[in-house]
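One chain, chain A, appears in both complexes that follow, with chain B as partner in the first and chain C in the second.
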Partner chain A sequence: MQDKPFLRAFVSPAALCAFGLIAALAAVFQFSLRAYVPGSLEPGGLTLDNFTALAKPLYARVFLDTISISGITAICTLILGYPIACALVRVKNPLLKSAILIIVVTPLFLGEVVRTYSWIVVLGNNGFINSVLLKLGLIERPLQMMFTHFGVITALVHVTLPVMVIMLAAAISHIDPDYERAAESLGAGPIRAFLTITLPLSIPGIIAGVTTAFAWTFSAFATPQLIGGGQVNMVSNLVYQLGFASFNFPFAASLSVSGLALTFAVLALLRAATRPLEAVTAH
Partner chain B sequence: MDSCGALRAIGVAIVAITLAFVLLPALVVAIAAFNARAVLAFPPDALSLRWFAKALAYDDFRVGFHNGLIVTAFASSIALVVGSAFAFALDRYSFRLKRTIESVLLAPLVIPHFTIGLGFLILAAELGAARGFAVVIACHVILVLPFVLRSVYISLRNLDQRFELAAASLGAPPRRVLTSVTIPLLAPGLVSGWLFAAILSFNEFTASLFVTSQRTQTLPVAMYNYVREYADPSMAAVSVIYIVATAALLTIANAFFGLGKVLNVENAR
Partner chain C sequence: MKRVVAAGAGILGLALSVLFVATPALAQEKLVVSIWGGSWRDLVAATAAKKFKADTGADVEFITGGTIDRLNKAKLARDNPESDVTFTTSHVGWLYANDGLYEKLDLTKVPNAANLVDQAKISPYHVGTWAYVYTIGYRPDLMKDVNFTSWADLWKPELKGKLAAPDFDPSHLIAVAAMLSGGDAASWEKGQAKLKELKPNFKAFYTNDANSQQLIANGETPVQVILSMNAYYMMGEGVPIKLVIPKEGAVLGIDTIGIMKGTKKTDLAYKFINAVLDPGVQAEIANLKKGSPVVSNAKLAPEVAKLPGVFTTPEQWSSQAIIIDHKLRAEKTAEWRKWFAENMMN
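Moving on, here comes the complex of A and B:
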């Protein structure tokens, strides 16, 4: 023990936390296999009914919707985030750099409720966009943006953008600018140098960013709940509804378990699909 | 001249538009908060501070703020101690289950928060524990731990171990080396890790919605309930306070520790 002072004292609390998380997830898993007893919070005996019920079109639809919303959000976030990440890394002026960083990072710490509420004020029928467009005479009646996929995805992109930028910037900042200079000195134009050097070298960051964006969107609750308003439902909304409106915790648990399995499956697929790309850039 | 620079003209425009997209909701909310009337209108007919007064007097917000402080203080401090101790062990030692514990503790980054919240809710019920602060704090510790772990681990990597070796060779026992060399050198990483954890815990919503009760609800949960029930701009006023406070905290953190370094987005050289 002498050559590893404090080992036990330093690892045990963390191990305890890890154990707590595993116990919580095990509790969800255990509940997902129990029968729902209407009117009681106590679950019944073991059953697979919860999972067979998931095959109903209603639930399958919510799952597909969740995947497509998360996927579209991740891609939009990547497209918007990449130029910002580039600017963040390459801007020389420290004041400008700090300003960009603060603007981008602040929303990350605001929490989902404040940001979602802000988007309600922007997108609502009496909201900012509609008021301005009506006043300018560009539209005659308010555009319906609340309770639509468009509204939910717009707000989700806003929620996910900071994480994406941070992950991309971390990757781009570790690319040696000399590589690009070398390419340019060998006659490549700036676009070519970007496409053949910077972009491929930042692929690990892109993969990390897209993966995280997907997982975050998948777990979003307040945004689809408030902006979707029941018209756009994601798995999280269904879990909450089942748990707190019908007290059907076993079914809520089985939805969570399936959601978790789905997240990991999509992430694994994403990783498998991008592995060849990563192999190309390994050097 | 690198390529990101050469694409400047288009690049600057794209970056400016995207930054405007990021800022838009905050600006719009600020306008709504100072609007005198209860109905949203752009531009507002008259300005007033009445929504700020109403929000600050609203009981659920006051209680939520108070509860949030309790939960955040405990959760971020516990996470700081547990996370930095583990980061130290992770950096210096090899031990059994090292990678397993690490990946379990980092898992909350990809596991949906509603699943974790539901898990703690069921676990508390199974164990017969009341839905008190202990459950909320335990849940928050798990959720913010990955961020502390990452922040402190990066600082440890950048720490020059020769200082520790020097102290040890001069006869300092391990405990002394830890308290008088390692911890002081790590201080910026520890403070920024704690600050991150605190901000994230204070703002955590989805899992909190599951594990809090009427008595222990935190500010984001109170705000969510408010938005569902009322449409007046009190919520806009709270949002403005939130946005200003968070931006101020981050600006201070940036000045002291360099956010870029903490977030690992500084240039490699």
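Moving on, here comes the complex of A and C:
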């Protein structure tokens, strides 16, 4: 490969960003090893107390909750997103294609807080869903959806869906439709053709989409904060509650470092678990 | 040609020198004020900043942000502050003071401070600007058979799954539970068992004013430990809310102002504080936000003065307000918050 000096100039902004990120992470890490001094903004001497304090059942529960909420969100998003991505790629009508694309990406253009407040209106006891169900006589009392895992996951799926659809659509668009036609010409029905051709060939996109959706959801803040109402908490909510709302920055830093380590660990596990699938599709 | 170049250079030099000489003079005429955004910024812009401009001819530029964001920024900018004066809560003001971010105040330079009520003299570094209470607010249309006269009423079993409180500050309930258990904020551990008994009554914890307003407006949490100003705002919007001052008193909150250490506009900063404490400005703030003025000579509209949680007499200040020592609150907030998160919220 020829050395192209201008490429270095292109890389330098990214290198600067990476440097800023590493410096910030280093600052967070050193804060996590410092003692909290009540009534002061300055941290004290070196200590491991912030990490040993995490060994309480509450924190283990919140970390597990974060993993399960992120995992369920990623899977629900995949199930909902796959047919949409297929439609986006396979629909021939450009108007319909544009309409699907606009509907899919709109959540990304709404501010996170605006979008979450909208979900409060939809999920509340007097909200849209409960009002419709009550009027239809399907329920006698409003269903409790706010401040529950269901409410938080529903709102998270809404915002994660565009990311999943875009990643899946990119993968599906690389699958030659002739493969499916060939399978069908050899007697396979549409379902069998999908299950034996399209689905296996789109596995790299599925893995990328699920991984991204998981990592994206792991750091969610506003949605669990507002929809969870303190009853459903994720790691970022604990960081806010214990660090920023009470000035205990060292403890907040230890939570952040632990959350980051957990994300890396889960993503590494996910990678190890999906490697055999990738190997299959490579052949 | 050389003459043209020389003349051009001369004009440029003159322009630059005028600019350099003029800049500090212009800068003297603008005071930078750090404050929360939204209605708080608008409130100060419409009242104190207007009075300040009329008195001094100087403009006010606002930089806005949340309490903690601004504290962090002030800490990072230390000795070269981005703002000249800062509005913040009384206990967070102590964090500014403890960290050496505030100038020590010389109140002889603030004539209106002579009328400050005692409860607003927070520290040698910051003084109160307006007051409010956190108290019980409820929807009488949704809670027909419940009557509130005491904080103890929040523990009633019929309130199960109906209560909300702020998630950013549990100090109100911590102090109240300690009081009901024979202690006070300093001996808050006495109230821990009582607080745990309240857990079934919580439906949610609100994260900011807008969240509080939404949850009580849509009836999701028909009872709240609520900021009085928020309750009055929602009443103004047509939401039927009743505000109660329990027999033990309501928990007082005071927003404060301090001068940033390192500011080059100390004189203007003192004049701005004087404008904030002007009795006319104080009355205007109280009328607009339905809070308590912090100077004794402010004349409020009678319909505002009679509202629960608006204190205008020394008797009201002493008998209707539960005051958590602001310094103690600054020191204990993290401990209280952690205990609350571990035992009440999860």
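Observations on the model:
We adopt the following convention: the second predicted complex is superposed on the first by the 268 of 283 C-alpha atoms of A that agree within 3 Å, B and C clash if a C-alpha of one lies under 4 Å from a C-alpha of the other, contacts with A are read in each partner's own complex, and residues count from 1 in each chain.
Note that in this section contacts are C-beta pairs under 8 Å (C-beta built on N, C-alpha and C of every residue); 3 or more make two chains touch, one makes a residue touch a chain.
Owing to the predicted nature of the structure, the values given are computational and were not obtained by experimental measurement.
Chain B and chain C, once both complexes are superposed via chain A, clash. Of the two partner chains placed by superposition, chain B and chain C are both touched by A:226.
Once the two complexes are laid over each other on the shared chain, residue contacts for A:117 go to chain B and to chain C alike. By the document's definition of touching, both partners, chain B and chain C, reach A:126.
When the shared chain is aligned, no partner comes close enough to touch A:60: not chain B, not chain C.
In the superposition on chain A, A:182 makes contact with neither chain B nor chain C. Of the two partner chains placed by superposition, only chain C is touched by A:241; chain B is not. In the superposition on chain A, contact of A:261 is made with neither chain B nor chain C. Touch criterion met: A:36 reaches chain C, while chain B stays clear of it. Among the options 63-71, 99-107 or 297-305, the segment of chain C that ends up inside chain B in the superposed model is 63-71. The interface of chain A with chain B overlaps its interface with chain C at residues 41, 117, 120-121, 124, 126-127, 226. Residues of chain C that touch chain A in their complex: 68, 71, 75, 94-95, 98-99, 164, 167-169, 202-207, 210-211, 214-215, 218-220, 327, 330-338, 341-342, 345-346. The part of chain A that touches chain B in the complex is made up of residues 4-7, 9-11, 13-15, 17-18, 20-25, 27-28, 31, 41, 80, 83-90, 97-98, 100-107, 109-122, 124, 126-128, 131-132, 135, 158, 161, 166, 169-170, 173-177, 180-181, 184, 189-194, 197-198, 211-212, 215, 218-222, 226, 235-236, 239-240, 243, 249, 252-253, 256, 259-260, 263-264, 267. Chain contact summary for the complex, chain A toward chain C: residues 36, 38-42, 56, 58, 61-62, 117, 120-121, 124-127, 146-147, 225-226, 229-231, 233, 238, 241-242, 244-248, 251.
Against chain A, the residues of chain B that register as touching in their complex are 1-7, 11-12, 14-15, 18-19, 21-26, 28-29, 31-32, 39-42, 81-83, 85-86, 88-89, 92-93, 95, 97, 100-101, 104-105, 107-116, 118-123, 125-126, 138, 141-142, 145, 174-175, 178, 199-200, 202-206, 209-210, 220, 223-224, 227-228, 235-236, 238-239, 242-243, 246-247, 249-251, 254, 259-260, 263-269.
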